[in-house]
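Handing you this structure, nothing more for now.
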Amino acid sequence: MSIGLLSLIVIALAAAGFLIGRQLALSKAGGDIRRLHSLPGYYGQTVFLFTAVPALLLMLLWLLVQPLLIETRVTSMISAADIPDGSSANLVMTDVRRVAEGIDLILARGQLGETDIAAMRADLADVRSRLAEVGVAVGTNVKPGVFEAAKAYRDLSHGGHLALTVAVLALALAGFGYALSRIRPEFRARNVSEGFVRVLLIAASLVAILTTVGIVLSLVFETIHFFRLYPASKFFLSTTWNPKFGGGSDLGIWPLIWGTLYISVIALVVAVPVGIFAAIFLAEYASKKVRAMTKPLLEVLAGIPTIVYGLFALITVGPVLRDWFAQPLGLGTSSSSVMTAGLVMGIMLIPFVSSLSDDIINAVPQSLRDGSYGLGATQSETVRQVILPAALPGIVGAILLAASRAIGETMIVVLGAGAAAKMSLNPFEAMTTVTVKIVSQLTGDTEFASPETLVSFALGLTLFVFTLGLNILALVIVRKYREQYE
Amino acid sequence: RDQIQSAGSSTVLPYATIVAEAFGENFSFPTPVVESGGSGAGRKKLCEGVGENTIDIANSSSRIKQSDIDTCKANGVNEIMEVRFGYDGIVFASDINGKEFAFTPADIYGAIGANVAKDGKVVANTAKTWADVKADFPAQDILMFIPGTKHGTREVFDTKVIEAGCKATGAYDLFLAAAEGDDKAKEKAAVAQCNTLRTDGTSVDIDGDYTETLSRIDANKNAIGVFGLSFYQNNTDKLRVATMDGVMPSVETIAKGEYPVSRPLYFYVKKAHIGVVPGLQEYIDFFVSDDMAGPNGPLAAYGLVPDPELAKTQEMVKNDVAMGPLN
Amino acid sequence: MNDMRLTERAVETKDIKIAAHDVQVYYGASHAIKDVHIDILDKTVTAFIGPSGCGKSTFLRCLNRMNDTIDICRVEGEILLDGEDIYDKKVDPVQLRARVGMVFQKPNPFPKSIYDNVAYGPKIHGLVKNKAELDAVVESSLRKAALWNEVKDRLDAPGTGLSGGQQQRLCIARAVATSPEVLLMDEPCSALDPIATAQVEELIDELRENFSVVIVTHSMQQAARVSQRTAFFHLGNLVEYGETGQIFTNPKDPRTESYITGRIG
Amino acid sequence: MTAEATNMPAKARPSLYAIDPRTKRRNAAEKRFRLYGVAAVGFGLLALVVLLSSVLGSGLGAFRQSVLTMQVPLDAAVLDKEGTRDPAAIAKVTTIAYGKLLQDALTAELTEKALLPAGMKPKDVGGMISKEAPAQLRNLVLANPDLIGTTVSFDALANGRIDGFFKGRVTMESAKLDSNVSPEQLELAQAMRDAGLLALKFNPGFIFAPDASELRPEAAGLGVAILGSAYMMLIVLVLSLPIGVAASIYLEEFAPKNRFTDLIEVNIANLAAVPSIVFGILGLAAFINFGGLPQSSSVVGGLVLTLMTLPRIIIPARAALKSVPPSIKDAALGVGASKTQTIFHHVLPLAMPGILTGAIIGLAQALGETAPLLLIGMVAFVRDYPAAPPEGFFDPASAIPVQIYSWTQRADPAFTERASGAIIVLLVFLLVMNSLAVVLRRKFERRW
Amino acid sequence: MNDMRLTERAVETKDIKIAAHDVQVYYGASHAIKDVHIDILDKTVTAFIGPSGCGKSTFLRCLNRMNDTIDICRVEGEILLDGEDIYDKKVDPVQLRARVGMVFQKPNPFPKSIYDNVAYGPKIHGLVKNKAELDAVVESSLRKAALWNEVKDRLDAPGTGLSGGQQQRLCIARAVATSPEVLLMDEPCSALDPIATAQVEELIDELRENFSVVIVTHSMQQAARVSQRTAFFHLGNLVEYGETGQIFTNPKDPRTESYITGRIG
């Protein structure tokens, strides 16, 4: 039975359980819902959950563990002689699996029976060509040891599979029976099923924690490696960023942090006012029709690939800024600049602020608007003094999200701001960000184990800690503000 | 896994895709998957170990490094085949309507080196226009788009142009004289001095690819950019190429060794996967065959400078000769 | 009850402050106010009474164009404030509402501090010159609304954290702080205890000396106590309008009579 | 008390029609404010129009392609030397031979029609045909060996430069400088077009064909990329929306307010600021190296993008949940609804617009993301279509943004047009994805 | 007023429905309810009176644990429903609230149709078997809340589009529809006209036959009319609690007396 079919059966059983559980609860209450603790559907749900969840979990676990077990068993069968020079048991296992798969296919075609296979010997029969016939390509001739291992692999997995099927179905049935046996009118079915929902919700929020742990883990080892090659003091204190291809680089993080902050700030200076004003206009002033049209249109801005923005910055905005501002003001002749990148990134971020804030503003109760209009406030006064404060927590969230995007953006910075790491106040100079350097150092042609590449990981981790600090700061500030009003 | 997987240099990528495509068309194996992501990352992936979820081939625009080989060994990748399949030429070009230039390495160094030799002394480079560098150049602002330090091209640019220019102008000797320590340290310091470029915006690092450089030249008409030969050949209507030491870059001049700035291209094959991954042997044979990498093959048509010693490579690939220790 | 106060009041001739002619209000297709003619006098307290859902709030909201904010609401007819049509194109509803203040039926304090709630109106209308004056206005408004003693120690606490009746008084204070010429109060005492109610009624009486007050109430007693004129609405119609004394003692319309006599509250 | 009544600033009664100076100022401020709003929206829309028009302007061409129609004699002497019609033997003939066949066929046809300019070499004539054509012809023959020996009418793509000539990308002037095309070839192409041998046609290959190498931009298509993106988006949608909403419900409604939940909150906000490529690093370490999932597969891409999208969905969803007034919750709790019921029956529907907006923006970003895919092997040249799901999730695939990214890096200018075309496809994809969410959002929107 | 009804009622001995001992409620640091002991009898209407802000709503919300939803609110002491501590860990507040229903001070209809507002409770508690029964429950609840006639033609209209008093009655109908054992009503008639008020009072009287009702009111008359027992709160203290007749005619505490005698509303 295939895994898909098995899960289908379990789910079908659970679905049946739902209906039966419902019906059973009703009949135990003599058809009178009022005598039940919970709605009949909840009784059905408990049966569904008890049937499906443990069984599916078991299946998942089994599928994860079984290959490991079989692999170790079969690997131990492969003698050292079967492993070619320079290869590894791991690679031979690849062959074993492929051969086993091929045997299955041969059987499926009905060319040979089980007994033929059992009797087949790799040193006698031309296994490779037989396999080729069924479309399984094997690199070299199949060695007898490998062939035997493949047969054992097949047997074990088939056995395991059978056991899995039996175990899963048994568990499903057991859960089914148990859940049904528990159904009594006073059984707190709703609490059980809601408790389960709660567990799901918690599990969902743990995904975020796990992601963080994963990110830190995947960065930290290479970062340590980096600091073994490159002194941490120079990384954190030096103000020059000048990686060289052949080593001897200066890898001070400060110019990158500076560039990141500068570009992000400019981007937010563009996106936040435009976004908030757009949100206000859409939520408070625009007619329904205009809003229904404009909001999704603005959202397209968030969906345009960043490369388009990058090229827009490079080809259009950069030269314009250079010719109209930088040169006349004597601020330089660079067409790629912090300003260019920030401006264009700001455009990309508009919908982050506008759409999210629009929803929040729209959710402010009408009675507050009425209260303000009733006092003779103009619409703008109402917006500024009543609605924005009421919507502030949500708007702050939107701005933080936009800021996060700004910090994480690559393409626009590469094309708009250039790749030069500099610490300068002049917004018309080229600078670059941490993220850009993470990407470029990681995907460069330098050898991987060199500080020039590994610095990406250190940059990633530092940026992580840095933004963590910023977020904590933001949280504290928001809390402080909110305490006043909540 | 049925298909060959390779990863690595974006310079090699076009060649690898051309071969992969032809391979997929003419053989019964699936078309190999070719990833880009940089030579370093490609070699790192190659050295991650042997097995299905590791790649078979790493494309590289520079020679593998000892540290990579060590990583490989540590992860059980004991034998790799090094295959050099051709050369990549590096050219200097400006906008098609730009002025004509005939460079020498010394000119380039004189334009963008941070410190230059002037009357036997080291002085900070203050040249504003090309005319300041060499009298018969036009008085056009100096602006060079050079490959960023992540690029393998930068290494070649540094050694074959900047260092050569540094030596030619005599700056190297001055740096050497000023440096301290033993001979080796002195040399290193001098080379490092040579490789220090101006940071006042006259030389701009490009971390992206040649299309970015082209777009930047579009936005700054008086700039000079550094390109791969193949890229230039596909854009001869937009770029005006400069000669180097009086030689026009072309597949022929580079193959003959007349044009100085070029570098070899490689791919590295995990030997343990040969015979395991279907079609791998056929693929590498096909890659270095005359039909592909030869002077009349599609790779050369695209701009690859064919390896004069291709026959030797073909022989080596046929026999699966693993690479020896790095020399 | 001290209904005697009715007799105390001499019914002087007063200017007409608001004149409504032929007012119709529709919510989408439903006709909520039908053909209402009413003249609201200056320096007078006018009470609107009538069964729940008869259109009192709706009509009240017409008087300072608060209905503009409801999309589906449509107002027809003419409403004149001091002889000027408030629905005229030239009229700025903002200026109108500054002159015609409103206390809503459901208390709706802003999510701001108590102080800021009250200071809001004076600030936007520029009624004060400095912080000290503002403090004075806030205090006197809160005192008038009989809330000062309860909140004087926590002016910085959020207005939304008050009890129901406190919120209602806060809204009254907020409306009073802008010193409008006409004050529309939609059941201002519904959540108030008798003592607070008395204080608010006192405030209304006081306001009458200079301004007009229109009050919606369900308490006949309250109407009798504070108002000089009473309007009785029924199913969107203005059934009867006249001297409060007359309405309560000698209603002309049988509907008024039956409403009054069924009096319980 | 009465004393204070007189303190009331006694005001003159100005006419309602005459707007007093202060109100005038306030109205001016109001107008300005409104204008800022209009300007903000206008600015956004203008930017959109500029960006879209540049994309459309340079990308629409990708949907049409020059096609040569010619008669090709399938010479048995070339294609099946032994004459056995043995498929294995026919398969031995490579595309190079087919290329020659096509070149000869076109030369012959042009000579016959007297279109061939004097002195033009057959190689130049062959150069006008796409390098994809031999492969197509070969597949045609392999699929139907009986064709050998007959003459077939064959539609071949024209070379990218020839195609560019008809789209205005290549001109006679540029051809003079161009090493890949000559003015003579362009003149010939014009003549062929006049003779009806060459036409600009709608190009389904752009949407359905797989990527092609640098030598044949005219044949490059988005088929594999569209499938890959669709698979990934399916995974992202199915995982990130429920998980994200569930997490935000837990955090906003259930979680006790303590240090630990603060930590989660900050942590999620921080995850949103993690550069996307770091998620690629995570994906490589967690899913490929640790989890053993295959490289370049859409399942890994989908999972990585899910992790990346989650915080971007959770943050707006939490804000939306927070903005539901507590009185609604009180009302539901007051009639004896459980917390879960309250949330699912009342709070969630009211928060839905905000949640959907977050999803729209989060998914839009996920759809356009390239960087994290770099490290998990999806920024790759993939020509074989992934199988149908679920197996197909594990096959190598590309993605639309990846295709855009790699096309913009290619040397041949014809790829620029294709990259813009791909952006159009991406935006259409996005609009299709969004429109559902937008419709849903409008349904849920209400004021209270 | 017909205060005579007070004497009509024989004060039978009734079971204690809710017993509160030593209840303290804090909002953050502020102590809103101090040391309240009270026994609420079964099949009895209990009125809570007291000045605005004295803690009536707060205490009422303790009785069905609605205070759980306010973060800063902390309840101490013991409250027993039928002898079981409602603040016990084992108690499911949901089940508790199904048994102890509530009408809030500010009307808070769901932003759904009128029908769905009323049908919600019966649906989630499984009180009905089919649509017809549900329809019947909705109709009878709306009738009891004296709203049926006004809304029967627009059951699909949103509940938020009703007038203030209609919303209040809708909330009463919603609470009644789940037929709770104890009904907590926070000023249920504050926005109602006398006739509607009378109808709601009638409903309360009717409910008393089977259930307990606790009603917060500012109208002494209403308390006297509908309740059998009255509790007077002042500044968070339960000052006096006893037979309604006794409280109104013969209060023991001087504070009660001064509140009662200042009666106006």
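The chains carry the letters A, B, C, D and E, assigned in the order they are written, with residues numbered from 1 in each.
Here is the rule we use: contacts are C-beta pairs under 8 Å (C-beta built on N, C-alpha and C of every residue); 3 or more make two chains touch, one makes a residue touch a chain.
The model shown is predicted, which means the values in this text are computed figures rather than measured ones.
In summary, the chains found to touch both chain B and chain C are A, D. Touching chain D and chain E at once are the following chains: A, C. Hopping across touching chains, the smallest step count from chain B to chain E is 2. By the count of C-beta pairs in contact, the leading chain pair is A-D.
Distance between Cα centroids is largest for the pairing of chain E with B.
Put simply, the chain nearest the middle, going by average C-alpha positions, is A. The distance from the centre of chain B to the centre of chain D, each centre being the mean of the chain's C-alpha atoms, comes to 31 Å.
Centres computed as Cα averages put chain A at a distance of 19 Å from chain D. Once the centre of each chain is set as its mean CA position, chain A and chain C turn out to be 56 Å apart. If you average the CA atoms of chain A and of chain E, the two centres end up 50 Å from each other. Within chain E, residues 92, 94-95, 106, 124-125 each touch two or more of the remaining chains. Residue positions 26-27, 30, 338-339, 350, 374-375, 408, 448 of chain D each touch two or more of the other chains. Residue positions of chain B touching 2 or more other chains, listed in rising order: 36-37, 41, 52, 208. Contact between chains, per the stated criterion, is found for A-B, A-C, A-D, A-E, B-D, C-D, C-E, D-E.
Interface of chain A with chain C (complex): residues 365-378, 381, 385-386, 389-390, 484-486. Residues 64, 66, 69, 93-99, 101-104, 106, 108-113, 120-121, 124-125, 156, 158, 160, 171, 174-175, 178, 180 of chain C touch chain A in their complex. The part of chain D that touches chain B in the complex is made up of residues 91, 94-96, 131, 135, 138, 170, 174-175, 177-180, 212-215, 288-289, 292-296, 374-375, 377-384, 396, 406, 408-413, 416. Of all residues in chain E, those touching chain C in their complex are 27, 49-53, 57-58, 105-107, 150, 161-166, 169, 186-187, 189-198, 218-222, 259, 262-265.
Looking at the complex, you find that chain C touches chain D at residues 81-82, 84, 86, 88, 90-92, 94-96, 98-99, 124-127, 140, 143-144, 179, 181, 202, 206-207, 209-210.
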